[in-house]
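Each of the two complexes below includes subunit A, the first together with subunit B, the second together with subunit C.
Showing the complex of A and B:
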């Protein structure tokens, strides 16, 4: 037992750089106090003669000497209307996604979710800043060649076309903040021992987007989504690959239930990491709550 | 409000088909043979919307996300004279509107009217001043969806505001 400890300690020391002046620091009680230059501490205290500088009666910021300042005369424009309530979607470009796939940081044999993007460790979002998920942008749409089943929170038509052209599928899915917190770090969430939350429906202003087949919303009619796929292929001029004879068809068609957050796990279940089991509720009221949108 | 909700939901046509707990998705044969509906356990039935059953779909019934989740105490402090009039682009520029763009248009030449419609940049000293007047949180990039100012959030071919591509080792 002790030999392992010494072995590890020796290995650690061997891997460290040589001790030099640039990587040691003095003990706290030996550090000397810097002597301040007290030459200017007489009479005017370094403030010069009279004026605002000496008397500290500065004009307020934005004051323009009595002239109507810019911050008063500019017309008011609702740039930041509803800023504290509006949803934000930090962007991830298609180029970045392709690079992550090429570097094997994202597994394309499973659906590419917001969790898989966050698990790379290269993307963070902050729920306190009203981040509601990921926005897949169209930079690098010409270089995108991967076939994936993507699930993001916001995207544009060009991105949908780029992904479907390569034989993949994309869905836009809404997650409310508590679900998003669980998705950002599933391990930390499971360690809390709380039941998996059920995902709420989107707010009213988002409902239209997520039920629109053109944006591949998760609440849209699947038949209309198929029509929209064909229309988009015609619009952008590519042949829509047939998914019928595809070996990964099952993976590409994997979708979560509107109330479900994790694949294979239903809301209401508790994942017990310690005992390596999953606890499922049997009570009717619980099941009714977790299996309905009401 | 209930009317608008039913109108927006009338595009939905979700039907929970034979809830089978074990399977994740059920495939239905269609003309393309890949039509799928994945409703494994939830009874998310919003069928019959076309009939206008607004009672069932009232906001209290469905668990939708709440929109108004902030209070003045939770919001970041802001200088109203700045936030009400200027917009900060993430690379340091501030934009504003021109005065008089809605007044006396009958006596203005079309070109003048067009000019007044434009949102213009503030100069270097104004940018510095406005940066001092707001807290650091206002300088963080905002990723609003469908914002008209999103194309201007990044510079291209600028020596002073380089926009390098991220490199992942």
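Showing the complex of A and C:
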């Protein structure tokens, strides 16, 4: 145990001379390296006489003098061919989410979306690595007891059931990369002074998922989502809590417009942190642009 | 002379109580006052650093932020500064993550090295063979002289010639130690001071006399040593302490924001006020538990560092190759 070692060390220094400027030493091998002897680095630079070694004209690695090299004897398996193009959704488990809520890192009185998760500082989402948002996984679905309004980018049926069983709601929502840049670090985005971008529609291969009421997609019909909630409750055998008489009903039903990326802020607005105000466009063309999906 | 209490640690039972006993024995051999030998009153107060209500020292419990279970909070006497010997006003809990961390001497070294080097500028400058006066002409013909061939009298081979790779101008050794390492360094320094009996917590820095000799005698009586570092919450200090510290070499007065590893280790004893202790503990624990991503400092210059004018916004004035149709 670390505390045993710490206690022994602290007891040890009790009987030793006072820790002062004259007896502080660095760890061995952390000081600067000595300058190497460069006497042998002249003329031939240790490369010997003539040939490929001196002239740097080696054959490519694996070259077998013209014979078919080993790497070409078997066909290629393109496992990672499309990796740079495919979208990735780094996972966050329900157990981790519950822990964040228990430790007050995430405020459940407000909707929990990708920005809330990024603001904890415990997760690193990178657009350059094709991270298109968070994937809420089902590990810890039995321990999950929080009632939240969750908005994620990918999830499974069991997670939806776990959240709705506790009286919460979940939506799956697509964000394009320029919007993600603003969502992952809102403070850095607002400091740029750029207008809030409008969110584009999902690509064709994702459109089906986000229009499906079974995955609680944001483009799905709300009435079909209500039906799907009841069907899921029957499937997993829990009683669906009634949202009508819920004190936090308003919060649970907060949804963003398909073009909107921040709650309470519309696309086209500029948040001025310096003067603590929000600038809104008045021009018709701007308003038309920011309020249409095209 | 009162008999000294010798205590041996027999095991890990009753750690908290043993810690209290062992810490009381530490302080006992210094003080000859009668108070320390009396049984302490175990009544707990929620307010910390309270004035004495009875003659017996009262254990005051300080509520600790970010409590830990794997180790016990350390205890320190709360002393008063109103007399030479002072009274023990109570006992305070010290957070183990600040006052009982593993004493990593190499981290202390890193901090001290950083403190020395980040503000260091080397002003040495040696002219190159191009900058030295003269040396433009070939001193003598290539051949026929029977002398070695040379092109310039300021070449590095020549006496009074240039240095080939000498120091070139003001060189800065600025670098930033990561915030976590700097915080850890402070915690280790405080832990070493506590472990080696060089930490004192006082109620406030209000002393009765501004005579430097009074202060010197106080330090002598309390076995505080040759050099003492007084740390308070604010940078506005009472008159008496300011004058007496000024008159004593080796004594220093510092606000809590000036606390640094070098000063802690330079002075033999560290004296903290309760307010300073609270502030320091809170800041160090907050740093330890913060999830803010610290921007890594890279010690190289980029083109942006040489720009004097702000970059103009040319987005609206971009030229289009073809006319736009709406």
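We take it that the second predicted complex is superposed on the first by the 215 of 294 C-alpha atoms of A that agree within 3 Å, B and C clash if a C-alpha of one lies under 4 Å from a C-alpha of the other, contacts with A are read in each partner's own complex, and residues count from 1 in each chain.
The working rule: contacts are C-beta pairs under 8 Å (C-beta built on N, C-alpha and C of every residue); 3 or more make two chains touch, one makes a residue touch a chain.
Values in this document were obtained by computation on a predicted structure and should not be read as measured data.
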For this session: Using the superposition described at the top, determine whether subunit B or subunit C touches more residues of subunit A.
Result: B
For this session: Considering only touches as defined above, state whether A:14 meets subunit B (first), subunit C (second), both or neither.
Result: second
Exercise. Touching A:257, do we find subunit B (first), subunit C (second), both, or neither?
Worked result: first
For this session: In the overlay, answer first, second, both or neither for which of subunit B and subunit C A:122 touches.
Result: both
For this session: State whether A:31 touches subunit B only (first), subunit C only (second), both chains, or neither.
Result: neither
Exercise. For A:249, is the partner it touches subunit B (first), subunit C (second), both, or none of the two (neither)?
Worked result: first
For this session: Look at A:223 in the shared chain and tell me whether it touches subunit B only, subunit C only, both, or neither; answer first, second, both or neither.
Result: first
Exercise. Does the superposition put A:212 against subunit B (first), subunit C (second), both, or neither?
Worked result: first
Exercise. After lining up the shared chain so the two structures overlap, which partner does A:294 touch, if you call subunit B first and subunit C second: first, second, both or neither?
Worked result: first
Exercise. Which partner does A:74 reach: the first (subunit B), the second (subunit C), both, or neither?
Worked result: first
Problem set entry | Overlap of subunit C and subunit B interfaces on subunit A (superposed complexes) | 105, 122
Seminar exercise, completed: Listed in rising order, the residues of subunit A that touch subunit C in the complex are 1-3, 5-7, 9-11, 13-14, 16, 18-21, 24-27, 30, 105, 120-122
Seminar exercise, completed: Seen from subunit A, its contact residues with subunit B in the complex are 61-62, 70-77, 79-80, 83-91, 95-96, 99-100, 103, 105, 122, 129, 131, 135, 154, 174, 176-177, 198, 200-205, 207-208, 211-212, 219-224, 226, 243-244, 249, 253-260, 263-264, 266, 291-294
Seminar exercise, completed: The answer for subunit C against subunit A in the complex is residues 70-71, 100-103, 105-106, 108-110, 112-113, 189, 191-192, 195-198, 262, 265-266, 268, 290-293
Seminar exercise, completed: So, in the complex, the side of subunit B touching subunit A is made of residues 4-5, 8-9, 11-14, 24-25, 27, 30, 32-44, 61-70, 74-76, 81-87, 96-99, 101, 119, 122, 126, 129-130, 132-133, 140, 142-145, 149, 165-166, 168
